[in-house]
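Structure below; questions to follow.
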Amino acid sequence: MKKNIEIRWHGRGGQGAKTAALLLADVAFNTGMHVQGFPEYGPERMGAPITAYNRIGESEIRVHSNIYHPDYVVVVDETLLHSVDVTNGLKEDGAIVINTPRPKEEILPLLNGYKGSVYTIDAHKVSMETLGKYFPNSPMLAAIVKVADIMDKDVFLSQMQASYEHKFAKKPEVIDGNMRALKMAFEEVK
Amino acid sequence: MSKATDISKINEHSPYYDMTPGNQIYGGGGSRKFCTGEWRTKTPVIDWEKCTQCLLCTPVCPDSCIPVKDGKREDFDLDHCKGCGICERVCSFGAITMKEGI
Amino acid sequence: MAFNFKEVMSKPERLAPGHRMCAGCGGTIAVRTVLRALHEGDKAVIGNATGCLEVSSFMYPYTAWEDSYMHNAFENAGATLSGIETAYHALKKKGKISANYKFITFGGDGGTYDIGLQSLSGAMERNHDMVYVCYDNGAYMNTGIQRSSATPMFADTTTTPVGKCSNGKMQNRKDLASIIANHDIPYVAQSTFIGTMKDLYEKSEKAIYTPGAAFLNIMSPCPRGWRYDTPDIMKICKLAVETCYWPLFEVVEGKWILNYEPKKKLPIEDFLRPQGRFKHLFKPENENLLVQYQEEVDRRWENLLYMCSK
Amino acid sequence: MAIRERMSGNEAVAHAIKQINPDVMAAFPITPSTEIPQMVSTFIANGDIDTEFIPVESEHSSMSATMGACAAGARAITATSSCGLAYMWEVLYVAASDRLPIVMAVVNRALTGPININCDHSDSMGARDAGWIQIYAENNQEAYDNYIQAFRIAEHPDVKLPFMACQDGFITSHAVENISLIETEKVKEFVGSYEPENFLLNADMPMAVGPYANSPFYMETKMNQRIAMKNAKKVILEVAEEFEKISGRKYGLFEEYRMDDAEYVIVIMGSAAGTTKEAVDELREQGIKAGMIKVRVFRPFPGAELAAALENAKGIAIMDRAESFSGCGGPLGSELKAALYDAKNESTTVNYFYGLAGRDYTVETACGIYQDLIDYVSGKQEAEQFKYIGLRK
């Protein structure tokens, strides 16, 4: 991982982009890093485009502003590509991760000429195959961890196992599926 | 152990540091030290001969000025009676009369 | 417990003299009777909305209250007592206090019917173990007799003055007892001053000792605002009851109970005539207003009888 | 051993409440402080604490009920934001005048007109003259630390004043960050229990609160509140010193950042202070003598102390996150300028209005302000006394 990174998440209200940002903060925190995870708040409800942010670093994070020049962008819902300028301010030496079943060539024209790395993952497929339901959170989380090289895969998986055990203490049956989603996403993101 | 406020030491001449914090007053019923009897222009007088100790005058006094002891009323508390005359009006035996003056 | 007048009168006075209420005030008559219903040995915390009673009974440094007392502001007596009552349970639970306390709040109709209605409604709905007592004198007397939503129809007040184009307050009074009864609290009652005060005393005792929220609405005449001959207060109250202007009733666990039904209902004029605030109604040209008034009293009385399944 | 955790500012305050286990909390939800009573309700529902929660019907009632509980002898708390605080405005004054040591978490949010849920300080600044102690947090760590110190300060016999523990809405209240928590036993020991000498439920001595006070008493009452507020300054420092012993974290009336030889200084409050520190570091690397002061305690206002700390500054930017519509300065600007005047400090001062209703304040914004100061001091630009930044023109 680069020394201190900033990540911007794009999603729609209700899809869990905020939860994913908080989960990322959680898992990074668990490996000893300094973290920040926060959504941009408004009165928007289900379905509206929303933004969430992460700062992850080795030292104390003092800045309390939104992120305008992120190192990474995660797009949880590809339909946003038509309405939101997701690459705005994104550093050229950074990367964007997009949830889509489509090949990269089809996506590139929608990125306003962004010259950095572009990764895609079909979180829908991953989610359906592992969880049987569409929850893009876990796959997108695994994808950004891999792309930004935030931590070692094994460390990530063991941390997430612990985190899910805590989070889903009342419905342990979903833990395995989520773990499978993470593992599969790690392989699928390209 | 908290102590009752000595309100005789709090008046319009006392300096700020003699006042209680938050204007709190400890201990109840301190208003007894304030004589509203001075407001009176008519004064109730009881004729003990006529009084039957029915006590109907007691609960209607707005100023708690008709003390009762062991089921019997005592004389008016003229330190506080404002002379409203309600007691005279409720007395069916004509035992109370309102006299002009204090 | 049967009502023993002599015993009740022998109980210690919990509102000390020396307060600055007007000579002949109905408010303090109400307060004395309510407080007398506290059992000896039980302690109380008294709350008070801003109003005549508050500015006159705790004028620094003189408190007329023998019990602990708190005035906060005009519209928040219900909420303030909610906090005190809750603190009582919290401290008792933690073993920090042991004495038994009762919680009683007094407010005028301004602080109760109007500005304090939200806070009262909240406290009642949360069913705090407290009694809220409204000493209802039917106008904002503290600020100089402005109309309130408790002011009766056609009353002459300083904001509904009688004039060439006005016959006083044009609206009926709000039926607060019924509004509070609809909060479905354990005990609601309406009373005023009659004879030995048995009615008010017994209702106060029930209100205080019924677990949960209770509300008492007590008609408490104001000689200054109503403009009757001050010593006549007991007569005025009796007329209010005998004309069915101010019926005596209770709502116990949702059940409406009529406490007194006049053998011969007196015409409303009998209640209105002694009061200067209704003087204009007795001009010959205003006869129709009296008819209208009687109709309104009748309508409300019929409605009450219906509620009480009479 | 400190506990390494991550949580949002609201979680941090709720956690402190859980550790302190106050007797009574009354609250009404309002964004962005709502999570605090929600979390406390959950703690109660799960039996973690035995606080009595009063779900009141409005903020006016939450403050009123909290006052009643506090006067009754309970340690009583509430939390609010924005219009909720404004709705309490009347009774805030009564709480201070009654000398009730209530602790209220304020999660700062812009006052309505137009309605907006994001951060500025217009709510608590509107209540700045109510007689409450006000302490502002930069991040969730400070929100937690300030909250724990609040009770000791508010309940101190020389103070007995209500306390607003403020933090920036959403910016810290909803941002998850690393935080260092203190063990619950240590917190409990530090905060202690609330044992007022006089209280409504004292069976040995009834108490009357909230009198009508004639003019012969009113000014004297205010003087006593003034003295209590002055005492608070000393107590805040004493409590901070003790707090350092259990936490290792140092607090004062304000924080000086790279002020030793600073010539260009931003004076700011709340979460924007951290962002400003980042700018200071960047400018220092370029050889610019930038410094920052973060005002932590706004009530009592440390005017003389701030003026002393600013003695050698050439250019000072005083940052207000609230308008006061005087046509002149904002709350911090007006008070600090008065303090500088008394100290005969004639440096160039500019009172900036920034970040209203969540308008973002970035490292670049801060750098721009330092550049302004440099230009003003060098005479390259004529200094404006009052300036909106981040405003579209």
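Every chain is named by a letter (A, B, C and D) in the order it is written, and numbering of its residues begins at 1.
In the analysis below, contacts are C-beta pairs under 8 Å (C-beta built on N, C-alpha and C of every residue); 3 or more make two chains touch, one makes a residue touch a chain.
Here is each chain with its UniProt name: A = 2-oxoacid:acceptor oxidoreductase family protein; B = 4Fe-4S binding protein; C, D = Pyruvate ferredoxin oxidoreductase.
All values reported here derive from a predicted model rather than from experimental measurement.
Taking each chain's centre as the average of its CA atoms, chain B and chain C sit 23 Å apart. Averaging C-alpha coordinates per chain places the centre of chain A 64 Å away from that of chain C. Put simply, the C-alpha centre of chain A and that of chain D have 35 angstrom between them.
Distance between chain B and chain D, defined via averaged C-alpha coordinates, is recorded as 49 Å. Among the residues of chain B, those touching two or more other chains are numbered 23, 25, 28. Counting partners per residue, chain C has 58-61, 63, 65-69 as the residues that reach two or more other chains.
Annotation for chain D: residues 202, 206-211, 213-214, 217 touch two or more other chains. Taken as a graph of touching chains, this assembly fits none of the simple shapes: it is neither a line, a ring, a star nor a complete graph.
Chains that are in contact with each other form these pairs: A-D, B-C, B-D, C-D.
Looking at the complex, you find that chain D touches chain B at residues 97-100, 160, 197-198, 202, 204-211, 213-214, 216-217, 219-221, 223-224, 228. Those residues of chain C whose C-beta lies close enough to touch chain B in the complex are 5-7, 9-10, 13, 15-29, 32-33, 36, 57-69, 193, 195-197, 223, 230-235. On chain C, the positions that touch chain D within their shared complex are 43, 45, 47, 54-56, 58-61, 63, 65-73, 75-76, 78-91, 93-94, 96-99, 101, 118-119, 121-122, 125-126.
Taken together, the chain A residues at the contact with chain D in this complex read 22, 25-26, 29, 34-39, 41-43, 60-66, 68.
On the chain D side of its complex with chain C, the touching residues are 23-24, 26, 50-52, 54-58, 60-62, 64-74, 76, 90-91, 94, 200-203, 206-214, 217.
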